[in-house]
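Pasting the structures in now, so scroll down.
Across the two complexes that follow, chain A remains constant while its partner is chain B and subsequently chain C.
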Partner chain A sequence: MSNPDTSFRAPPDTPVAMPRVRSFVGELPLLAFVLAACAGLIVFFTGNSFAQNLLATTFLFAALSTSWNIIGGLGGQFSLGHSVFFAFGAYIAARMHLDLGLSPWLALLPAALVAAAFAMLVSWPVFRLRGPFFAIATMAMTEVVLALAMYFSSITGGAQGLSIPFKAGLHNMIFRDRMSYAILMLCFLAVTLIVMAAVTRSRLGYQLRAVHDNEDTAEAAGIDVLRTKLVGMGISAALTAMGGVFFLMYVRVVDPPSLFSLFDIGVKIALIALIGGIGTIYGPLLGALLVVPLEGMLRAELGGMMPGSNLIVLGFILVLTAMYLRKGIAGTGTDLFARIRGGR
Partner chain B sequence: MSDDHLVIAGMGAGYGDVSVLHDISFAVPRGKIVAVVGVNGAGKTTLLSAVAGLIVPTRGTVTLDGADITRTAAHRRTGLGLAMVPEGGRLFPFMSVRENLELGAYAPASRSGLVERMSEVMDMFPILRDRQDQLAGRLSGGERQMCAVARALMSRPQLLLLDEPSVGLSPLMTEKVLATVTDLAAREGLSVIIVEQRVTEVLAMADIGHILDHGRIVRSGLAADLRKDRQVQETYMGL
Partner chain C sequence: MTELVNILAVGLLLGGIYALVSVGLNLIFGVIRIVNFAQGEFVMLGMYGAFAAQITLRLDPYVATVLVGPALFALGAFVYWVILRPLQGQPMMQVFATFGLLMILENTVLALTGGTAYSVNSGLTGYSVSFGPIQIGLPRVLVLTAATVVTLALGWYLKSTMHGKAIRAVAQDRNAARLMGVDVERIYMVSFGIGAALAGLAGCLLSPLYTMSPQIGMNFIMPAFAVVVLGGLGSVKGAYFGGLIVGLTEALAGFYLDPALKQAVLFLMFIIVLVVRPSGLFGTAGAEEVGLREQS
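Coming up: the complex of A and B.
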């Protein structure tokens, strides 16, 4: 019998590191700094309704993209159907508010639970598909649910949509000024970032990353791949549905084509994560801070003369990201930082 | 009670309508190294995938310690003491070496004593102790293979499945990896199924050998006897 290999040498006293503490407490200082910086933007633009509107939209999309990032980035399941869960949240809140007179705050939990249950149910068969086939299946799901939403007009209002009467007050989540909405969306963003940080550092986060890297190897290592993906999708859908509730009370008029919009919701939140840094905690926020204000300003400045100019710019940014920032803004920044420090 | 650790009986397997394996039957005695050799496309990886539970056999049974595991999910088999080292190692490249090893012990039964096991495994592979914070994707070919074997050992398996550990390695490095596996099997009392194209080297380390050809086992016997078999030498060893 051969002797054990002796050429694989290492310094004999090198300690074995303890498995990493997976509490997200270590993430809190940076998280607090990031949220404080965002709050600083709100304060800086006090009195500027246009800027506050852009900030509210930016924080909402950052939150939606962060929610998507749990399954799309960490888990590598490139869903383009998150607009369905977004719409679930909006419609559940709308019906509870219009039919039962309940506060939209009370709709957050049911919306999250229903969307999570629906997401896990429809994902069960779809998760057998991989890569582009999975993405196509989620797009198809969007179209099917959109058709159903148009058909069941008694629930969704059909093509006419649903309107929420203006009754300002915190209880109704309706405000007279845009600044309050910006603060509301920032709070929602904080929730999604905390969940993302907690998931990233949890056992589930490790499992999702392993599934992302190689499903067969993850399964062979003892990870229940289907369960991991379902749980990731459930959390992601629940947060997205909560975003639908906030969106509803922000715009107060929703119809199926706008809620289920493949590009304006489903594709856009995925693209924001891609540009910012897929699978990273702060990538979606960075992506949203770049894309949403730019798009909003272009729409305001050039919308009359050049309709669709915002899409051209978004496409341009995406091409540049694909060419020069393969890991997105956050991923590239982290690599640069590590290189400067002489790290791995 | 039979001392067969794993028994494969009349197993067939494939992908969709394509049948790859036909009527495979053999046993793995406890603590022995069983080599399954054959040329590219013979069905070696399919065989290991079926034993690991990554694909479901179309017929026949797989029995582990007397319990039928034919339809047991792959992640549950890890908890039953079965671990696979896939072809090329297939590490999680964007995780550190330590994180890769931790993931090897993610089956619920393996989580207790993770720190001690990590230390034991790093004692077996000292290079990994040195590289523990390095991204796995940046390891050399031989280190990667060592890390993959180490990851499999993290779950304290009793049966190790090795899929072509020589792929991408130089002959010298292959020799080192196989020597390490042989030593570990003896030290940890492991049963091993190893599938390989490098017939000469793998029959030298194994106790029992099977020749797989077009999805069927065409020769079986003690590895030492197969090495001396004139037909095996001419067909598979180029002698």
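Coming up: the complex of A and C.
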């Protein structure tokens, strides 16, 4: 909400300093700075493979969460079923690599397109539902596709899963050192952040936010609500599927329960966005920088003694964020900044 | 013919389990309009409660209900008051909060038990009842009976007692109820407690049937969502019949299609119902769209 009396107080003829609408180009300097800082982290931890692993996972989840944020944050459609698109990407890349011997780089585009088409197709009926019902339906969708993935074991390898043979090389997207993976994931993060920034500052972004705030009002204002949601979901799913391709080449062993995992993928990427700041460009990155290393450390420190202790901590963070930090770190920070600058 | 009767019986008994688990979920939804993702964990806690009662007090799980039910009522009331009361009118934040609660409960039990699978014995396990050509274990019959009794009793309670009428008044219009002098916050707390206690009851009755694991709540919550959506959001009767329908569907799909596909069929049906008739068989039309908004 802008302050209602500032415009009233402005003298009518002097040129009023209108709050300039930030354009996509205006976002680029900050974007470059953020990415450079992330690259700095990689350089700082050179030679530390534990840290490089953690960074790779952090950047991957930051990127996935940024992708989710396009439809979940901007559009307010809280999908818990993004693991489906993630798994789509991984399986398309796996089949293209194992059956046709194609490079995973070539799988990125088909994976993105197929996942976007699938996402728009299944979302079309489900978008009639709002709020928690949409979330439940996406959860159910995960269960359906998981059951089908277990059943069609010729594609997915069934319960045994699939493994990608280790043939190092840039064209295979397989590397000996962990640092290369961290750089790879950072590049993917850069792509998602650029897309997110572009969407945020585009007509689609404003339409998505209008839909988020109030669907009926958005409809009345002439926004094609369904189309807006579908396009947002398509972009989000496409990026998530690309993440699946990178994940596959990173771990090289995948099975349906881990790819479709509700907690480790579907909920976690939504949680990271929530903690960082829903709907903000850099919120998911902040959330991932906080959550993923914390979880990794907890798992390493306490996993042996107390299984699941990392998830207990995540659960508490989730509850406390929902209660006290609804706008996340980024949203609360922006509010604070605006209040300090506004002088009251 | 016997085969079909057998499948139907299996489906009905499974449906009894789902109905018993779903009644509490639907009560919470209908009154407080909160989708409680942690409901399956309350069932899980009920099972472990029955186990604890057996270890320490040597109680039969069916007797343990008198301890576990009130304990979960207290837990539910506490959870509502501390976590969910501040989140009214924030449906998505409630989803996150109850999901966080799910993770906390599940993994706390995992950390405490170290993931060892436990099972509970009851004096009634060995008995079975025969209906015509088929034999059914007594514990399963008891679950179906309990589901029926709970549905009838809850229906009577909501319809005929003063307190039940207050609950229904709040569910219909919280502001009007408040103006009539109903303590809305207290009604919410009590309803959430009753919902949790019913889950605990279900947990006790199911404990002789399942090997316990901390993750078992997840096996109940997804079918329970399907039940609630199918039967009608907020309808106690809907939860009962929805449970039976889901149980029958699962049994039939498992037999005639493929056991591996029964989940897929179930949830596909669930999504279709959610999309075609989101209010369910017994629910109020439009609840899925307007019901979760803060009533102004």
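In the analysis below, the second predicted complex is superposed on the first by the 320 of 344 C-alpha atoms of A that agree within 3 Å, B and C clash if a C-alpha of one lies under 4 Å from a C-alpha of the other, contacts with A are read in each partner's own complex, and residues count from 1 in each chain.
The rule is short, and it goes like this: contacts are C-beta pairs under 8 Å (C-beta built on N, C-alpha and C of every residue); 3 or more make two chains touch, one makes a residue touch a chain.
Note that the structure is predicted; figures quoted are calculated from it, not measured.
By the touch criterion defined above, A:Gly308 lies against chain C but remains apart from chain B after alignment on the C-alpha atoms of chain A. Of the two partners chain B and chain C, more residues of chain A are touched by C. In the superposed model, A:Glu219 lies in contact with chain B only, and not with chain C. Contact with neither chain B nor chain C is seen for A:Arg176 once the two complexes are overlaid on the shared chain. Contacts of A:Ala210 after superposition on the shared chain: chain B is touched, whereas chain C is not. By the document's definition of touching, neither partner reaches A:Lys167: not chain B, not chain C. Contact residues on chain C toward chain A in their complex (touch as defined above): 35, 83, 86-87, 90-97, 99-104, 106-108, 110-111, 114-115, 214, 218, 222, 225-226, 229, 258, 260-261, 263-264, 267-268, 270-271, 274-275, 278, 288-289, 292. Against chain C, the residues of chain A that register as touching in their complex are 76, 78, 125-126, 128-133, 135-137, 139-141, 143-144, 146-148, 150-151, 262-263, 267, 270-271, 274, 306-309, 311-312, 314-319, 321-323, 326.
Contacts from chain A toward chain B in the complex involve residues 1-5, 7-12, 14, 16-20, 203, 206-207, 209-210, 213-214, 216-225, 344. Chain contact summary for the complex, chain B toward chain A: residues 52-54, 73-75, 78-79, 83-84, 86, 90-96, 98-99, 102-107, 110, 114-115, 118-119, 122, 124-135, 138, 143, 146, 151, 155, 176, 178-180, 182-183, 186, 205.
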